[in-house]
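Dropping the structures in below, format is structure tokens.
Shared between the two complexes below is chain A, which has chain B as its partner in the first and chain C in the second.
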Partner chain A sequence: MQNLGLLAPEIALSLLGLGLMLADILAPAKSSKLLYHFAWVAAAVALALIARGLSVSGGLPLPVSGGLWVVDPMSQFFKLAVLLSVIMTVMLCLEYGQLPPAQAGTFCALLIFSTVGMMLLVSATDMLLVFVALELISISSFVLTGFERRNRKSNEGAIKYFLFGAFSSAIMVYGISLYYGATGTTRLVDPQSAGLWLPALQTKSPVFTLAMLFILLGFGFKAAMAPMHFWVPDAYEGAPLPVAAFLSVAPKIATIGVLARVYMVLVPAASLGFTTLLALLAMLTMTVGNTVALFQDNVKRLLAYSSIAQAGYILIGIVAGTALGIQGVLLYSLVYVAMNLGAFAVVQAVGDNGSRDGLGSYELAAFDGLAQRSLSLALFMTAFLLSLAGLPPLAGFIGKFYLFAAALSAGRSASGGISPAVFYGLAVVGVLNSVVSVYYYMKIAYHMFFLPANSGKGERLPSKDGGPLPAALHAGPYLYGCLAVALAGVLYFGIYPDPLIANVQLSVPHLP
Partner chain B sequence: MNLSLGHYLVLGAALFLIGLFGALTRRNVIGILMSIELMFNAANINLAAFNHYLHPGGVTGMTAALFVITVAAAEVVVGLALVLTIYRNSATAYVEDFHLLKG
Partner chain C sequence: MNILSIITFLPLVGALVILALPKEKERSVQIVALLCSGLSLILSGALFFFFNRQTADMQFVERMPWIPSINVQYFLGVDGLSYPLILLTTLMTFVSLIASLNIKNRIKEYFFWFLILEVGMLGVFASLDLVLFYVFWEITLVPMYFLIGIWGGPKKEYAAIKFFLYTLTGSVFMLLGILAVYFKSSPHTFDLLILLQSHPTWERSFQILIFLAFYLGFAVKVPAFPFHTWLPLAHVEAPTAVSVVLAAVLLKMGVYGIMRVSYGMLPLGFQWFLPYLVIIAVINIIYGALCAMAQTDMKKMVAYSSINHMGYCLLGIAGLTVTGFSGAVLEMVNHGLITGALFLLVGVIYDRTHTRDIGAFGGLAAKVPVYAGLMSLACFASLGLPGLAGFWGELLCFIGAFPRWKLYTGVSVIGLLVTTAFFLRMLEKVFLGPLNEKWKDLADVDARELCALLPLVALTIYLGIYPKPALDLINATVGHMAGLFK
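Presenting the complex of A and B:
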């Protein structure tokens, strides 16, 4: 019972979510902006609570509760990243014109519930809690994706996301039932000592291996790993833009967090013989994401495929399975939040443009001559794209450097029947993919700087000559706030990553 | 004839495979939903059978099955709501008619 205090941020956020749903009924539609402000302030308070908890414990091992969930620096790190992304998402929502104002409370409540699910997910050490947390995330996200009720694209994205999500949950639950059969419990840690508990006998049994494979497939769907990525572009294109930005970041890194906890720490992939399988998945994820992104004309879809590829890079760290790998995963997850949300924020400024007529376009052509219409937005976008491509001195470079270094060092110390070539191959494929990705990221930059501006609203390329120059593009203060936070993160951690690295290193020794 | 754990596991596996097959081949969203429900229930049968035969003292399996039933119900509610919305807007519930998003 004394451990309940550790759950305070989650409990507070859940209560607030319920409150927001009530407020939705009571508050008049014209004060809907107030609810968004309420939501982001609440997320900021939860963030402050967690940050305070970390500084109070001063890097000492935090108390671990009964075995259902665990509070350690790694889980807190992922919670901070998730809360940061939800705050930035709400900022984007404040500037987004297509959301129905009458349902602002419901929208915020779903966003908050989804966040609570992610916070529980990264702390979970019990398969049942993992399942319930994943479903809390998924069910909220399905509704958020379909939130533009009159928009048929939004409907279609939501139903595709729902079908894939429910299907993957069913596979995962079947895996959990086999896990229970093989071990007699749903816990991932020893219930008595609350420490690491590897059922040595069961790891060899085929039922246990099958269970872990099914569970991996379930995680793979949520983290959009390659053979299970088909829902991603459709869901992102259909979803309201802030929701697409949120989905591309928060559920993904939360799933990466639990994937790292389960397959690196509690039941290492190497002990299951999954290392080669995971390495193949990582290579496939990177390659498919980057290759298909080359041919996209819609920036939302392009960023969707780019986010698939980014998840592939993070998987490299999980395959490596070393302390350096965990550090790389943590580092890249936080950096990824900043750069990807920043890029989506610029896409929103161009495509939505604060208008309520829904004329904005997310086609690549809408980015033509953005530098003439708004130089600052074009420069922001360039910084985020360069960081996503992994060029120094931006933060994406540091993250990728860590991940590839983890793969190389794992290759040097490979043992136990795993060929070092697996790790070296992974690093090589990762570097080659980064090179390929530069092309399509820079394609957006080319459209922004070297093509003449057009109306930015046509679905087709309008005529190049004649016609008045399109008006300068203005974005609201919250969008610029979001951009500033993201850019600060990308630049600061790129040029001076030492504090972040120190924090990340701190969280590794305290894993159970 | 005595029923053993094996019988239940075979039943669960068969149900799971039927559901898997249905989810991959059905063209109607409602049909896919029903197939996914079959897969959830296959897991429930497994959980209950494992609990009864392997760990008769505990209740973990039964509790887990209750959780799965509840969460699956919540999922279906959202799914049906989405089907209703899309049916209102485009008067179809067949997946091959969902083709606005591609590329």
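Presenting the complex of A and C:
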């Protein structure tokens, strides 16, 4: 076992997850908050370990366990993004009122386990490990989604998520078995010359292509690509808000990470003849996500569809398959963590009333007049929404800029029977989708800024002064902390993206 | 000295200070806003004395790397094309802020968005890097959306989102165009000055395609027929001061873009499009004027007259002569001043009577003489009466376009006639005849309104009698531009 030290963050986190489960039995319900603090500190420690390891390894890819697993700048980048999102999620949980305090430990442990799954996933170079990691993520996520046991929607969401998830796992396993049949191994890399895929010969065989197609579909479910997105809105709507926030970000970017590794680096989509297929999937994902989001009245569902569309944008980079494409994918993934979690944090502040009565409302109407109730929250939300829409000078713009640039540059250098029109069409569909998305993002702004505040029971306030004021917003220091981190990311990377880009570029030299 | 940065970002400082102030301190908010935009105005006015009128080169240049990985720079500079527009922007924003002092609700947010809007507008005219240009271009959208949507008229929400989506649709294609020229140039760059030199190696089909992408972005902003439908709506619904800035500055971004980017960077595409451009200009002139004629709402009438005036600018550009370019730039400035004044004046009467229906008034000249005088002056200036500013811009546009487009220029003169007709008709119905008894208690313009109006009126008269200072600023640059075209 060489380089086992590189697994330290994952091992530490797993042990901690087990510890949290035990603590659940031992610790009294009163001190449940302590467990959340424990969880985010643990994630922060793992984050620090990885950041340190990054500077030690000097950006070289290091194979672990004989090619089962690899540590390179790309995997570490995604791990940092995942850990960041789990820290922010725990911050949200600290302020969220609907979680049963008696099970705080279990909740945190599941969150941590699924994080470990994601960390394994983005590093995996073996199909079996990919599968195990995906299952670790999925099973934890199913339970997390159904964690509000008294909420029927939560149960419904969890069941739907589970059924779709099980189905996609089955497809994935079938794909992996075909892969084994075609190549005689489950490895994606040659253990001797780590980082590069072994024989390029099999790529021509139909069984191999079929295997890669099924595996792609399996990933598609997890990343919520259309037309495999049907579980998303129900699962997000039912899940406790911090969990919905977490699901919309972490598993998605982890899956994007492994998609990028497999279909850009190890078995490039172009060599499989998948470029056009992936381009179509990307277009479909963007368009379906954005168009359906237009008609949503529930903010959680709206953001669910928006997150589907966001995955579509990221896919543009994977389709491009170039160095610029990889940079775009990484850049957008991290930026997406900040802006999407930020948006969900505001939704929690508005929708959750802090008590366990289940009366929190996530209807668009709950946002009416938010600018007058709390201008800062309304401006936070506006910034996140505009960033999601890709308007400068926010970080979302830089991400989209890179992705569209990747598509155009891929179009210029298109070869091997792929028409440049595929890439140009993708860019055009991408920008048009950004325009469409502005409509529903601004619909939230419309509720926040243009409408007068609701009194909470659907009646409008009669005037500025008279009438009952809407319930106070439940937003404590942790939620504001989470918002501040997200806003800092969205503004800083939007105005001065160079440090981030420099980091992202580290991932490029290791590509074939 | 980073004078351009200071001018551009002073309003941002103001906006952040306002954000930090509690919302009850309404007076402080107003003072901060006026102070910051006033300082910006003074500084940009001071540049007038340091501006070198003999050269077509960029002046007050600031350049530093912004995103080195893809060669994006923070690159500002002004020449005879952009400096007058910067001056116009700072002046019109300051005037609009004075006019906005009567805004009663949500003052903090109002001034915050207004200052952000100013940053975006100044940045567009000052930036010489295409990415920077695009960033500022988009920054103007969001504040405008909120300004129309919160403080606007009855259909404000619809007007706001229509404005946003229309402009954004145009500009995302511009973004693709920017990326396309980036990858076409070698070494890849977004530097506008380098790109202006590198077009000889670009084939015609590429230039035409990219021209169309950029044109889509600019034409929506101009607005050039048939992308003009957002404008009357946005103008009518927007609060007075916002209409002023929209007409005086935001429309100019489109014409500026065509002159700066499309014309200089994609000459073959421009040449290909020229016959269509002139037709669009003529349609804008005549159709805009006729639509204005058909309006009973004063504000809508002024809005359509903006479409008509932007047609003159396009006509001047299509002439491809020094005279035509000077005319276009001068017309932009003059239209900004005059239409700004017109919108302010319409706002004055709307504040008092809550109607803008031309037929609802009558005989007001005796009741509100100062108002009537100012309104008549602004209308005469707008219809191009010699001796007032509007005349020179229009004259130069026509003279400039005539050698190349005799027929079209001739046809456009109809627009002048119609413009005269609808302004005179409006003046007659509102100010002459027997006094409508309903308005017998109408008050004349007050001090605040006069403060906002007087600078505009004074400049209109001054530039009408003596346009040389403005033309001197423009000449060297447009001379150089006209020389580019073979």
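In the analysis below, the second predicted complex is superposed on the first by the 484 of 512 C-alpha atoms of A that agree within 3 Å, B and C clash if a C-alpha of one lies under 4 Å from a C-alpha of the other, contacts with A are read in each partner's own complex, and residues count from 1 in each chain.
Here is the rule we go by: contacts are C-beta pairs under 8 Å (C-beta built on N, C-alpha and C of every residue); 3 or more make two chains touch, one makes a residue touch a chain.
Computed from a predicted model, the values in this text were never measured in an experiment.
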item	value
Contacts of A:369 with chain B and chain C, given as first, second, both or neither	neither
First, second, both or neither for A:257, with chain B first and chain C second	neither
Contacts of A:396 with chain B and chain C, given as first, second, both or neither	neither
Partner chain in contact with A:409 - chain B first, chain C second, else both or neither	second
First, second, both or neither for A:298, with chain B first and chain C second	first
Chain B versus chain C as contact partner of A:17, first or second or both or neither	neither
First (chain B), second (chain C), both or neither touched by A:498	second
Residues on chain A engaged by chain C in the complex (per definition of touch)	371-372, 375, 379, 382, 386, 391-393, 397-398, 401, 404-405, 408-409, 412, 427-428, 431-432, 434-435, 438-439, 442, 445-446, 449-450, 496-498, 501-502, 505
Residue ranges of chain B touching chain A (in the complex, touch as defined)	9, 12, 16, 19, 23, 29, 32-33, 36, 39-40, 42-44, 46-47, 50-51, 54-55, 58, 60-61, 63-64, 67-68, 71, 74-75, 78-79, 81-83, 85-86, 89-90, 95, 98, 100-103
Of chain C, residues touching chain A in the complex	19, 23, 66-70, 106, 108-109, 131, 134-135, 138-139, 141-142, 145-146, 149-150, 156-157, 161, 164-165, 168-169, 172-173, 175-176, 179-180, 182-183
Complex contacts: residues of chain A adjacent to chain B	128, 131-132, 135, 138-139, 142-143, 146, 149-150, 152-153, 155-160, 162-163, 166-167, 169-171, 173-174, 176-178, 180-181, 184-186, 233-234, 237-238, 296-298, 301
